[in-house]
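One chain, chain A, appears in both complexes that follow, with chain B as partner in the first and chain C in the second.
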Partner chain A sequence: MIAGRAAGPRALLGLYRAQFAVHLAAQMQYRVMLAIWLIGLVLQPLMYLVVWATVARSQGGEAGGFTAGQFAAYFLVLMVVNQLTFTWVTEVTEYRVREGEFSPLLLRPVHPIHADLAENLTYKLLTLTLTLPIALLLGVSFGADFSPPVWAVAAFVPALGLAVALRFVADWLVALLAFWVTRMTAINQTYSVLTIFLTGQIAPLSLFPEPVRVVAAVLPFRWMVAFPVELLLGRLSARETLVGFGAQAVWLVVLVAVLPWAWRAGVRRYSAVGA
Partner chain B sequence: MISPLATRVPTAPDPTLRGAATRDATISVRGLRKTYAVPEREAGAVAAVRSLVRRTTREVPAVADVGFAIAPGEVVGFLGPNGAGKTTTLKVLAGLLHPSAGEVTVLGHVPWRRDRAYLAQITLVMGQRNQLHWDIPVGDSFVLNRAIYRIPERQYRETVDELVDLLGLEELLPKPVRNLSLGERMKCELAAALLHRPRVLFLDEPTLGLDVSAQRRIRAFVAEYNRRHEATVLLTSHYMADVEALCQRVIVIHRGRLLYDGDLTGLVARFAPDKTVVVELAGDAAPELDLAAYGEVVRRDGGQVAFRVPKAAAAAVVGRLLAELPVVDLTVEDPPVEDIIERVFREGGAQGDVASPPDGAAAREPSDGAVAVPAGVSR
Partner chain C sequence: MSRLRLVGVFLRLGVLNELQYRANFWIQLIRSLVNLATALAGLGVVFSQATTLDGWRQDELLALVGVYFLVGAGVNLVFLPSMSQFIGDVRKGTLDYVLTKPEDAQLLVSIRRVDIWRLIDVAMGFGVNGVALARLGSDLGPGRAAAFGLTLLAGGAIVYSFLLALATTAFWFVRVENILVVFQSMYVAGRWPVGIYPPWLRGTLTFVVPIAFAITVPASALVGRLDWPTLVGTVVLAAAMLAFSRWFWSVGVRHYSGASA
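Let's look at the complex of A and B:
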C-alpha cells in the first residue's frame, strides 16, 4: 500500500499478530501508567461534561440544542470515540528522529507504519475494555440521555472505522514534518490544540460560530471524531450522514495518496542530512 | 562495476584472492563522496536574526573519496580516527544515507534504494538500542523480528538455539531489556540483528564500552558467525584487539579518504619502519656503557633498556648487543598496532601517496624479526 512494494497480506497479518501479542504484553507491564493515562482520558471529557451540563441547567434546561442529559451522552460517547481514534505518532516520530531511533526502523524490510498501526490498535483494544465500562457507569450516574436509533448504531460502526483510519493517517502525515523541522514541539502543540477544538472535544461543533464549523468540516477534523459521535447520538439526518461518509472517504483517499509521496520525500531528506 | 575497480583496488596479500574479490565482490564502493550541508552563523544576536531570514550553510565533506571492494566471507576492519567518515560510509552501505557521489553496490543492490530483498540480507549494528524494544523481554523482541523478517519457523528455532548457545543468552531471554547490563544488551542486540541470518554485517563499534571478557566473547562470536555462515563483515572499532583478532584485512580512512587497504601485517610493515629492541642487562653494567652506539635509547629503566632501531638494521644490532653486552634477556618487538595506527592518523593527512600499500612480499615479511633470539621473542 505504501511505496508500491508492499509485503504480501499473509506476511503482514503475521506481523500484526506478533506486534499485537508483544505490545499487549508490554502495555500490561505498565498497568499503573496505563491507569494514569486512563484517568486523563476520562477526566477531560468529564470536566467539559460537568461544565456544559451546568450551563444547560442554568439556562432553563438547554444550551445550544443540548439538554444536560444530552451533554452527558455527547461527552461520554466522545470519550470512547476519542480514545479509539487517538494516536501518539506525532510525539513518537519527533522523538525518534531527534534521538536517531528512526534509522533502525528504516533498515527493516517492512514499512514502519505497520508497527505504529499495530501498536496503536493494540493499545486501543486494551484500553477499550476499561473505557467502555467507565463510560457506561458514568452514563448512568450522570443521567445520560442516550437512545440512538438502530440505523445510527449500524452506521456508526463504519463511520468509526473510517475515523480511526483518517485520524491515524492525518497524524502520521503531520508527524512526517519531523524530517524537516528540528523542533517539532510547536507544530505538535498547534496541531493538538486544533484537534481538540475542531473535533468537538471542548464542545459540540454545533455550539461554535459558523466560521469555525465550516473550517472543521472543510478540513478533516470534524470527520476524525465529531462525526461518528453525532451520528451515534442520532443528531444527524440521513443526508448529513451520507455527506459525512463522503467527506471521510474523500479525505482518506487524499491523505493516503499523499502519504507515500510525503514519506519518500521525508526519507530522502533524512538520508541527505545524515540519518 | 567490475573491471575499472580491478585497477583501483589496491593491495592484497595474495593477488589471486583479490582478483576474485573484484570479480564477485559482495561490497563494491567506488568514488564515494558524502557532504553534509551544515547550517552556519556567526555568534551574536544580529547574526541570529539574520540567519532567520537567510540561512547560510556550509558544505562539510564527511567522505571525500573512498573506494574498495570486499569479497564474500571477508572480515574487514574499518579504521580511522573520529570524524574520518567511517560511520558515514557504513550508513551509506546499509542504505541509510544517500551519497553525494559515487557508485556503491552491496550484494548487487544499490543500498539506498532499500529494497526489501536487500534489507532482508544485511544488518547494521550501531549503538545499543536498535533491535530491541526497551520495555519487553528480549525473547519477545526476537519474536517480533521473526515476523518482521518473515523467518520460517524452523530456521528461526535453529538460529535462536545457535545464538543462545554461542552468546550464552539463556538467562537473558525472559528479561526486559531495561534490566540488562551494557554487555548483556550488546549480546542480545547482536543476536536480534542476526536472527534473519544476514549475509552482510555492518558492525559499528560492536564492543564499545564493554569489559574485556565481554569484548572477547563478542569477538569470538563474530568470528564464529563469519565461519559458519560465510558472512561478509565490515566492522569499525577503536579496540585494536578486535581488529587483530577478527580482520585479515584493514581499510584505513582519514579525513574521508582511503589511506591504506591491505592486511594488518602489511600495515605494520609499511607504517612501522622501526623495531623496538629491549634488553635486560646484567648487574649494574648499564650506567657506564655507551648505549647510544647501538641505537636510539627510548627507555631506560634500571637494567632494562629499550632501543628504537631501523627495521633493516635490527638483526645486526641484536647480534652486536648479544656479543658485546652482558645481556640477560632480549626481545624484539613491533610497536603496538595502536601506536602504528596513531602514527598513520598523525601522518596520514600529509602523506602524498595514499592507498598504495606495500607489495605482497613486503607484507609477508616476518614481523618478529629474522634473528633467532635466545630469550623469547615476544610481541
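Let's look at the complex of A and C:
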C-alpha cells in the first residue's frame, strides 16, 4: 500500500499549497451551493438562540445563569465555532467507499486525509467571510451581551485550533467505519445528533443534567465545540481552562494514534465496489 | 380511481425494493428513534428552565413535535425523493420516459419514488400526538379532530405545491438539486412554534418557506389553539397554491426540450 507512507514536511507544505489553490478555485465556482450549505449552519444556532432568549425573558430575564443577551452571545459564538470546526467527511467517505471512488485516491502517493483537510480548511475560511458578518449583524439585532476578557480572547485562539483538529480527526475516524458498514446513514445520523447535543449546540452544557455533562466531558464532544465557546465568553475559570486544554490534547493524541491503525485495517477490507 | 391504484403500485414497488435490504429496517428504526429522542430531550432541557414557551405548555409543544414528525415523514416518504429524482431526470434528459407515459406527468413525478422507511416516522408522529393528547387530558372532539385533519391536509398540500414549484424551476435552471436542501435545512425550524421567531424570520417561515402552515397551524388545531380566520386562510392558501403549482408545472413542461431534441 503506497498511500499512507509518510511524506516529508516540505513536500507536504507544497501539497497543501497546491490543494488550497485547487479547492479555492473549485469552490468559488459553486458559490450558490456554499451559501445554501451555510443556511443550515446559521439557522440551527439561530433557532436555539430564539428559543432560549424567549425562555430567559419569560423567566424574568434569566434562565440557567444566562440572560437573553448572553444566550444570544453564546449561540452566535457557537455559530462561528461550529462553522469553523464542522466537517462533512462522514458523508463523503461513505459515498467514496460505496461508489468505489477510493480507488484513485489510494493510488496517490500521499494519504487522502491531507486533501480532505485542505478542502475542509478552504471551505471554512471561504465561508467565514460570510458567517462573521452574519454573526455580527445578528449580534446587533438580538442585543448580544458580548464582552470577552482579554486573556480569554488570547486563550480562545489555540483552543479553537485544537478543537478544529480534534473534530476533524474524530469525524475521520467515524467515517472510516464505512469500510465495514456499507450503508452508513444510521451511524452518521446518530453521530451527528450526539455531536449536536453533546457539543452544546442545543443548549449550553451547563443547563443539562449532571450525567449528560459528564458524558460530554469524558468523551471528546465537549472539547470539539463547547469548550472554546465557553472560554471566549469568559465563563470558565483559569483552572477549568487548563483542564480543557489538557482534555483537548489527550484526546487529540489518542485519536491521532488510533487513526493510522484504523486506516490500515479499513483499507484492507476495501474491495473497490465496481472495480 | 386509476390514480389511486398508481399510488398503490409505486408504494408496493418501494416496499419490494427495500425488502431486499431487510437489515435496513433496524437501521432506520434506530435513526428515527434517535431523532425522536433528540426532539424530546430538546424539549426536556427547555422545560427544565421554563413552564411555558411563548404561551405553549410542554405537552402542547409535544403535540407540535408529533406534527413535525408526521409532516416531515409525509414529505420525505414520497415528495422529496420523487422531486429529487425529477430534477436529476431533467438534467440527464431521462424525463422523456415519464412524459411519454399515458398518465398525468405531474402525478408521476410526484409519487415515483417512495422511501418506505419514513412510515416509521408516520407511526411515531401519531404515537407522540397520542401521548401528548393523553397528557393534556383533553378530549379530541369531532370538531377539533376535523380541524386537525383539514389543516394537516392543507399544510401538506401547501408544502407539496411549494416543492413542486421549486422543482419545476429545473426546466429553466437545470441544476437546482440544492433547492431541496434549502427546504430541508429550513424545515428544522418548524420544531418550534413560529410565534417565537422575530418578525422577519417568522415572515420567511410563513410565506417564503411555508413551514408555519405545515406544522404550527395543524398543531394549534390539535391542541385547540386555532382560530377560525387561520383555519379558513390555510385552506384557501392550500387551494390557491395547488392551482398555481399546477399551472407553473404545465408552463415548465412546455419549456422542456428533452435529451435528444
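Please note the rule applied: the second predicted complex is superposed on the first by the 265 of 275 C-alpha atoms of A that agree within 3 Å, B and C clash if a C-alpha of one lies under 4 Å from a C-alpha of the other, contacts with A are read in each partner's own complex, and residues count from 1 in each chain.
Convention: a residue touches a chain if its C-beta (ideal position, glycine included) is under 8 Å from a C-beta of that chain, and two chains touch if they have at least 3 such contacts.
Given the structure is predicted, the values throughout are model-derived calculations rather than measurements.
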Partner chain(s) touched by A:R183 [first = chain B, second = chain C, both, neither]: second
Which superposed partner A:F197 touches (first chain B, second chain C, both, neither): second
Which superposed partner A:R108 touches (first chain B, second chain C, both, neither): first
Partner chain in contact with A:V150 - chain B first, chain C second, else both or neither: neither
First (chain B), second (chain C), both or neither touched by A:A63: second
Chain B versus chain C as contact partner of A:L207, first or second or both or neither: second
Partner chain in contact with A:S271 - chain B first, chain C second, else both or neither: first
First, second, both or neither for A:V32, with chain B first and chain C second: second
Doubly contacted chain A residues - partners chain C and chain B: none
Residues of chain B that touch chain A when the two form their complex: 36-37, 62, 88, 91, 94-98, 112, 114-117, 119-120, 122-124, 126-127, 129-131, 133, 135-137, 140-141, 143-144, 146-150, 176
Parts of chain A lying in touch with chain B, wherever the complex brings them together: 5, 7, 11, 14-15, 17-19, 21-22, 25-26, 29-30, 100-101, 103-104, 106-110, 268, 271-275
Touching residues on chain C, where the partner in the complex is chain A: 21, 24, 27-28, 30-31, 34-35, 37-38, 41-42, 45-46, 48-50, 52-54, 178, 181-182, 185-186, 188-189, 191-192, 196-198, 201
Chain A to chain C touching residues, read off their complex: 32-33, 36-37, 39-40, 43-44, 46-47, 50-52, 54-55, 58-59, 63-64, 141-142, 183, 185-186, 189-190, 193, 196-197, 202-203, 207-209
